[in-house]
């Protein structure tokens, strides 16, 4: 087979960079990493065939600096760039620069990114195409009164969103008229910080909705298909933490209708490559177009697990001008897949960000368990970047078995030194409402608020483990072990005094 | 969901025991390991929820001792036993004892095992059912003259096989009449040693055949299906080392006919649970029934990769009396999967068995890469058991991409302390004849005999690595590091003297 | 055999005895024995009442031991002169001081000096890792002092807000 | 910087110089620099002419260093009094002595004293790990002595067969 590209530059970091490099390996295309100061010791740097240092730790000085990315590609002879998700993935200027430099951007056209990246413009387009939309403002505005008027018409609750937004940033739900102004201000501030663009808009807030999205792929030969849905309703602060497919809320008829509309959205935007069409589904089975994300998504592996398709490989093939293969065009959903996102956050303390040096790291293995990660023991988790550390993905014949398998995988995923929400996610999946498939976007707010962790149960095992560790495990420091003053007691002579401390809020 | 069994005893060791326990986890059924003296520190022991010590290292005193297995199951309250492959997997006496003790044997009935375990009896049965057979002796014999006469009739070359055989043990190809008596003697001796039964028989040896097998599953409700083929032609000394699916030799028509005959074989034997029907396929597209294996096979994961079915989970479901699900009954082959077996053997020295303590061990990770293994760093590989250490399995959209992915996985699979055939297998898969899909059972004999390894290429990198190791890596011993006398030179003062030694035969 | 004593916050003192036979550790606590089999660096299979649990345990250079059991993370600190016996710790004590969870920028102070505050009330929003993180009140009380203003950079060592705790909280 | 000298069998002496900067090792051999970045216990990413190779390296207690590069396994032995400089080693020397590859049972001797033998000829079959393993001749020559009989247990230290090598082999 002819090599699809000479060399691919992966303009991202951590788990998604490693994921993309895996696809390059599969296709036999060498890949180049870029890394910032903070990522000198990172996994993605060493996973690539080559690596280029592109600047200081702040994203604007490295991963968001388009010219540095372009230069790194030119220096190393790359003829394609894969942007991953986040950073420059949905930045039309990068795509434009690629075109100028005759480098293939592995993703959609700049026109499609511009259209779909602007929620207001894309709503107009999709309304014309006959896609159902949530009632709300037709356009953004700086006039507070217009927001108030629209909110009254649509009826409270309403939601304010950043036009350039994504990932929950710049979003605010407003339950009553007297909260509107404060929320507008906060949303604009967050949007400005996150996207350097404080344009926001307002629409009706759907109560008890599910977040259902459809994976779409389209080649440059006119073939546009959907690769089924993902249910991403389990969110905390509008941030997805658990995703699954198939969705419990869809029957074959609804799946077919939503899938057909997803394809219609992609066609209306002249879309090529992989993208995701997001819908809100209400309790009555009515669905509304939210937005189309013009990138590979964090949760793409669950689609890969049930369909057997390698979506990143398909992205690269499409970018090289190949047609969708027959195999990809005739897909079925097999079994059930779940993804849990491992964030550096304290699941026992309001999801506060957690930083530190990773003292121990080990991942679950076995059939139908997949771990996409960008970390290793000894690495420091800092505040510089997105707090996602890894994704656990499992596949099983049924949803119930997949949940069981995921709980097992979470318990076998061990990371010490930073906190995560592992136990929180286990408690979500063990909740009777989750088991029943009643996953709505307010699930965590509604069902997990009173959650308490009874540490007493684990106390004696922890004490036993610490006792063993005192004897058997040397103390850990990054890669260096200088200055180690571990206590290694001799038999019969040590009575240590320890105190158990925990991180529970009560 | 109701738990399918109370507890499952896994009557095996190493990678297949771990594999079966993974299926138990998926189904939420606790599992019990058994282990011998040699396996006190083995992975499968610690992977189980409970573990029972069943005796000394020789298999006859532990893994082959039916009463010890039965007692371990009774002691721990197990109501089912999974036998894995090898050891007691195809022993009808164990099945009989399970029936007497009201323990479910996860596998076929003793009658089916008895019938199919006897190659002579099963040939008669399958001939009656209209399955094509290789010309040869209708029955075993002690009369050397009968062997000679049959060989003359079928035409040389002929092959002698153990009636109770499997895995290449007790097999001898005879190219001319004057080799027949010696070969007969050798085959009988090996059969006696391996199976305690020196019954052998003779048949026509198919020149340039492919080894094609069909995975079959059958529930107790009358549903019998095939789960497509596996191509297992790459063998050394009749031992499979590389398997793949789909086979390059089958088109849709041939696949359908062979699959239908595989189902017919299973039905003729009143077969339930998972089994494999082996065929030889000659160059003209004619195929011959070889035997049906009444166990889960070493190479089952490649079938799982292309179909998305968990075959061991299906085995347990079937044993619990469930019907094959609709999902399992409507399968397609997606992409291409390859398995490479990692044996403890020296691929550069005639596949001589290799033993030792594993000084370093690490496995490849990533999407569509699976490692089934039963080992860990610090473990000792002894001569007590089957030399299989691990299986690497990869899945990719096409065969070419799968090969590339496997080579990458083999290079990322690192084991130091025992030798393997990693490089040999890479050279097999890189051979133009393999790439062209011309995989016949004589592939290695024909194409790999002149293979030479040019160590010179690696010399300087090895010296560089050893130099770094001398500075950075402490010397490794099992779990203990007592008596470590590693040289850790200080800067500027050390001129060590080393000698490079290699394991190449020339 | 080695023996260790642990002072559990809010509970009693727990004594453990560890014996190593071969590669296996037998730990006795409250007359019950837990077996630990090494299962890789920092990993142990702990058998407790016949049930297997994969336990990870690591010690940092500053003497803190981290344990993961069934995805629950527990930290055990070696005693230091001021901390031991005083109920100190990340979250255990100092409910009267409100710290940033990590270095970041104060986006908005939501309370003023003199305000009555209740447990779980949002006190201040700190931006870190590109997210706005509300900092919650951990006890009922009254705002005594505010040491920073909107837009200030904060670290984790200086309290942003100091509270006067309500009476029933102080004996917690 | 540290420096090491290696005597490569059949080749010249190779000298290496290792310098560590930060976590990276720079090894100079033949005026070329190879960079080694640690990538986990015993693992390094080695960058050679811009190409990445994952290299595993471990040292056993008896002083042997094992290296895996692109699935090729190379052993480097620290010199001992009798071995260094003599061309000894597992397979390198002693072609005139035929050893069992591992402890096992002699199933069948295929040659007799006085037989002429050629390279790659099967000399004896040893059963180990449930398989019959033919032991091949590694040089042309003549059988000088046979030290065991069918059915004997053998270890790996005592030669089963001793050969008198043909002349052209001795200078190999």
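Chains here go by letter, A, B, C and D, matching the order in which they are written, and residues are numbered from 1 within each.
To be clear about the criterion, a residue touches a chain if its C-beta (ideal position, glycine included) is under 8 Å from a C-beta of that chain, and two chains touch if they have at least 3 such contacts.
Model, not experiment: these values are computed from the prediction.
Mean C-alpha position of subunit A lies 39 Å from that of subunit B. Separating the centre of subunit A from that of subunit D, both taken as means of CA atoms, is a distance of 49 Å.
Centroids of subunit A and subunit C (each the mean of its C-alpha atoms) stand 28 Å apart.
Among the residues of subunit D, those touching two or more other chains are numbered 38, 40-41.
Under the stated contact rule, the graph of chain-to-chain touches falls outside the line, ring, star and complete shapes. By the definition given earlier, chain contacts exist for A-B, A-C, A-D, B-C, B-D. Considering their complex, residues 41, 46, 48-50, 376-377, 479 of subunit A touch subunit D. Looking at the complex, you find that subunit A touches subunit B at residues 1, 18-19, 22-23, 25-28, 301, 304, 306-310, 313, 325, 327, 330, 332, 334-335, 363, 365-368, 370-372, 395-398, 400-401, 404-405, 408.
Of all the residues in subunit B, the ones that touch subunit D in their complex are 169, 186, 189-190, 193-194, 237, 346, 348-355, 357, 359-360, 362, 383, 385-387, 410-412, 414-417, 419-420, 422-423, 426, 453, 455-456, 458-477, 483-487, 489-505.
Across the interface of their complex, subunit B is touched by residues 1-9, 11, 14, 16, 18, 20, 25, 27, 29-30, 32, 34, 36, 38, 40-44, 46, 48, 53-61, 63, 65-79, 83-85, 89-92, 101-104, 107-108, 127-134, 136, 138 of subunit D.
Against subunit A, the residues of subunit D that register as touching in their complex are 23, 37-40, 45, 47, 50-52.
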